[in-house]
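Take a look at these structures.
First chain A sits with chain B, and in the next complex the same chain sits with chain C.
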Partner chain A sequence: MIRIYRQLLVAQIQAAAQYRIQALLWMLFSIIRPVIFLAAWTAVSTAQGGSVGGYTTSDFAAYYIALTIVGHLTTAWNSFEFEFEVRQGRLSPKLLRPLHPLHYSVVENLIWKVTTFLPLMLVCLVIALTFQVRWSGEWWHLALFVPSIVLAAALSFMIGWVVATATFWLQRINTVNTLLQRTSFIFAGQIAPLSLMPAALQVISYSLPFAYILAIPAEILRGGVTLERGLLYLVGQAVWLGLSIVAFRFAWRAGLREYSAVGA
Partner chain B sequence: MYALTPMDAPVVDVRALRKVYRVTERETGLAATFRSFVRRRYREVLAVDGITFHIDPGEVVGFLGPNGAGKTTTLKMLSGLLHPTSGEATVLGHVPWRREGDFLRGMTLLMGNRSQLVWDIPAADSFLVLKEIYAVPAAQYKRTLDELTELLDLGPLLHKLVRGLSLGERMKVEFAAGLLHSPGVAFLDEPTLGLDISMQGRIRRFVAEYNQRSGATILLTSHYMDDVVALCRRVIVIHHGVLLYDGALADLAERMAPYKRISVTLRGSVGDLSTFGEVVSSNENLATIHVPRAQAAERTARLVRELGDQLADISVEDPPIEEVIDKVFASERPLAETTA
Partner chain C sequence: MVRYLRMFRAFAATEFQFEMEYRGNFYLSIFEMFLVIGTSIGAVLIMFGHTTTMNGWTLPEMIVLLGVYYLIQGGVNLVFSPSFERLMEHVRVGTLDFHLLKPVNVQFLVSTRHLRVVRAADLLLGLVVVIVGLLQVGAQIGVAQSLLFALSLFFGVMLVYSLLLGLVTLSFWFVRVENLLAIFWAFTEAGRFPVDVYPLWLRVSLSTIVPIGIAVTAPANAIAGRMDAVGVALLGAGTVLAVGIASALWRRGLRSYTGASA
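Here is the complex of A and B:
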């Protein structure tokens, strides 16, 4: 498997090299939104004398920078790509080979993240300096963050694949994707850190998978959780990852029965 | 070679295979869109209607039928892309649509109008990926690639971007990509589609040679009868998803064409020959007449007798394969029924 990944990596880096500009644009785009919310919360907290619900201006900045990094590391375009591939007839050649189509996108996903990570960190550094951020974490926050971000990225990836399988039934899945993004926007901690949300919304957020992809790893990275809570969050992430894998396997099998290999 | 298939068992075994596509009806208008959420409307397309056949190891079989006959659908089921609506099939002893690793490693599906390669990189790099995916041992990979390079004259093509290759060049590279793992079964769907005559011939010779060298079993569809005549001793003909003929190419005309063709050359100009049969062409001193198969001998004798000295030459043949096929396909209902 490692040898397959290595060859895929070589091949796809070459192919991806032609789309460098698009990659950078996408990355910048994904940074803009957290910065807008950061600016808004900074304004609110300044107006209220420097803090809102226990979050200082610097805390907000730390949270949103963490969220930007996490958002970047958990990006997954699978569902969009998959729909496109099916329509272009590019799924069929992959199905003929003894390698699950999912593996190609693991490699693509990793390439995207690695190649854009450095510019992203530079941008984050600029933001951090602009908003005078102070990191308030302990060393074990970083130790927790590593498994947490891996689980979050895997969870995001698998949810992308579950949604992707909808293509087998719906041909077009923009509606599903939009719905998912809106839901994630509300419940993943993008509007505000979870603890500032109304109690009811918090309950919903912790019961849905989206916060386990964004808000939770971001809080851990920022240093905003206790060790016990942090460990509990990891368990939550693992459970959601397990569920998404089971859901994917089921949906994939059922979907292939519907597959009509149109245009291929 | 294949642990799961005894040597004499068919490599491809198809029983009552059927495929009905369900096509979602697209409705326009807001109300209709809402309604379609509740109850989806489907149109059913019967693509393959219960076909049965089997193919023995090493055979090269031509799969014939007009556009829309269900050839591609059948090949997609046999290569595991599609689940059939009903019926059974095994290929190399596996049920194709379970897509087991041993099955996928043992077969290939090549489509003339589809690309399996990544267009943005040279074929050589795609080949290396395939080598790992199929777990081809290094020595075997080198041997196979050398052989394919020689047979298809790939040398200069491997290191160019695939998107820069001509259609013919790309097809050669696609062939190599599809055969790198030395599959025991190859499904070829219109492999010469759109290629110029010399490239068609090239691919044809390659397929023949590959079959001889590797002993691979090949099921091939083509629009060009030349492909079939050159490669296949046996053909399977389907029309409207129904199997019309399965047997030797040589016997196809006898079974499918109810007439024979008599060609006569006269010393003078051709008079009225319509009493002998259907005159399909006549000019100057040459004429072609179609006569019912059963009466071919008697009509020929009559021609010789009545034309006497006027006759310079006469021959009786089956009509050319293309013509037979065209006639079969022109009939709306399966021929088996109309002639019965």
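Here is the complex of A and C:
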């Protein structure tokens, strides 16, 4: 397996090298929304005399910069790509290969994130200089962030694949994707840090998986959680990851039967 | 002029029939739009749970702004972006030849030939949001203000149109410009807040490279009575200039088009 992955990595690096500009352009999608909301919250915070619900203007900056990084590292586009592959009939040859299609997209995903990470950090630096950012974390926040971001990225990737399997039944999954994106927009901490949400919405946020992908790793990176809470969050992430893997295996097997039944 | 209007009606009718073939998809798109606008309003409500004003904008004014944002997006997505998507395809494959042979203004044809009829629902929803916001503002809206609003809205759409035309024209030289359009769409999201909340570097890029900020903020300002006739006139002059430059670029690009056989 390790040898296979090494080969795939090399091949994907070569493929990615052809589309350098494209990779950078897609990076903008990770940046723009958090910056927009950071600007808006800065305006709100200024109107309220420098702080809102325990978040100072520089806390907002730290949160949204963390969210930019987390959002970038947890990006997964399989739910969009897979539909296209099924519709174009490109899935069938992939299924004939001995390796599960999932592995190819793991490598694609990793390479994109690795190659765009440095430019992303440069942009974050510019944002950090524009908004007076203040990091209020300890060293163990960073240590906690590492497993948290890995779990978050894996969770986001697996949820993307679960949604992708919906293609087997529905053919077009635009609506499913929109539904998911908008749910994440509200409940993943993109609009506001979770503790600034109305109480009822907070409860929903913590019981859905989306916050475990974005808001929670971002809060950890910002240094906004206690150690006990941080560890608890990690458990939550792991539980959701486990559930999504089970759901994927189940949906993939059922969906594949459906796929061949259509006679594609 | 009448001829072009009649032609546009024919385009719309054809595309409507085409869209109605996929009725399920049509209704789902409308459902998606409700979802998107609903969650966007939710976002604004959550933020205004913590404040009464954002850079001098009150909650009702923000709702109006959001409505304008979807009006402009709806207008652009209804006509221009589906047409331009096909145009890029035509340039790449070489089938633009067929358009060039027709006895009409080519720029008109490539800008309006294809419609995504379902996006008319965005216009309707956007309008509803604007009206709801205005009712909350509670101020008397005079005839002059409504006129300024309509004018600046039209200028806003045309401003975005000229930018899109300019970007798409680049396809004559670079062939693949979908990525540039992707950036454009990424930046349009910034239109959901008034342009004055952004830091300078972002404001410069929003208001000059991507005029969406102006396009959305100006009409919202006009209806709130914060923009007078002079401001709208200036916006109009800017729009005419932008459309002029984009059209010139388009004609220049068309000369570089080599066709399918070349």
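A few remarks follow.
Keep in mind that, in the parts below, the second predicted complex is superposed on the first by the 259 of 264 C-alpha atoms of A that agree within 3 Å, B and C clash if a C-alpha of one lies under 4 Å from a C-alpha of the other, contacts with A are read in each partner's own complex, and residues count from 1 in each chain.
The rule is simple: a contact is a pair of C-beta atoms (placed from the backbone, for glycine too) under 8 Å apart; a residue touches a chain by one contact, two chains touch by 3 or more.
All of these numbers come straight from a predicted model, not from anything done at the bench.
After overlaying the two complexes on the shared chain, residue contacts for A:14 are found with chain B alone; chain C is out of touch. In the superposition on chain A, contact is made by A:41 with chain C only, not with chain B. When both complexes are overlaid on chain A, the residue A:256 reaches chain B alone and has no touch with chain C. When both complexes are overlaid on chain A, the residue A:198 reaches chain C alone and has no touch with chain B.
In the superposed model, A:166 makes contact with neither chain B nor chain C. Once the two complexes are overlaid on the shared chain, A:76 sits clear of chain B and of chain C alike. Note on chain A: of its two partners chain C and chain B, the one contacting more of its residues is C. By the document's definition of touching, of the two partners only chain C reaches A:186; chain B does not. Of the two partner chains placed by superposition, A:65 touches none, neither chain B nor chain C.
Common to the chain B and chain C contact sets on chain A is no residue at all.
The part of chain C that touches chain A in the complex is made up of residues 25, 28-29, 31-32, 35-36, 39, 42-43, 46-47, 49-55, 179-180, 182-183, 186-187, 189-190, 192-193, 197-199, 201-202. Interface of chain A with chain C (complex): residues 21-22, 25-26, 28-29, 32-33, 35-36, 39-44, 46-48, 52-53, 126, 130-131, 172, 174-175, 178-179, 182, 185-186, 191-192, 196-198, 201. Only residues 21-22, 24, 76, 79-83, 97, 99, 101, 104-105, 108-109, 111, 114-116, 118, 120-121, 125-126, 128-134 of chain B touch chain A when the two sit together in their complex.
Listed in rising order, the residues of chain A touching chain B in the complex are 3-4, 6-8, 10-11, 14-15, 18, 89, 92-93, 95-99, 171, 256-257, 259-261, 264.
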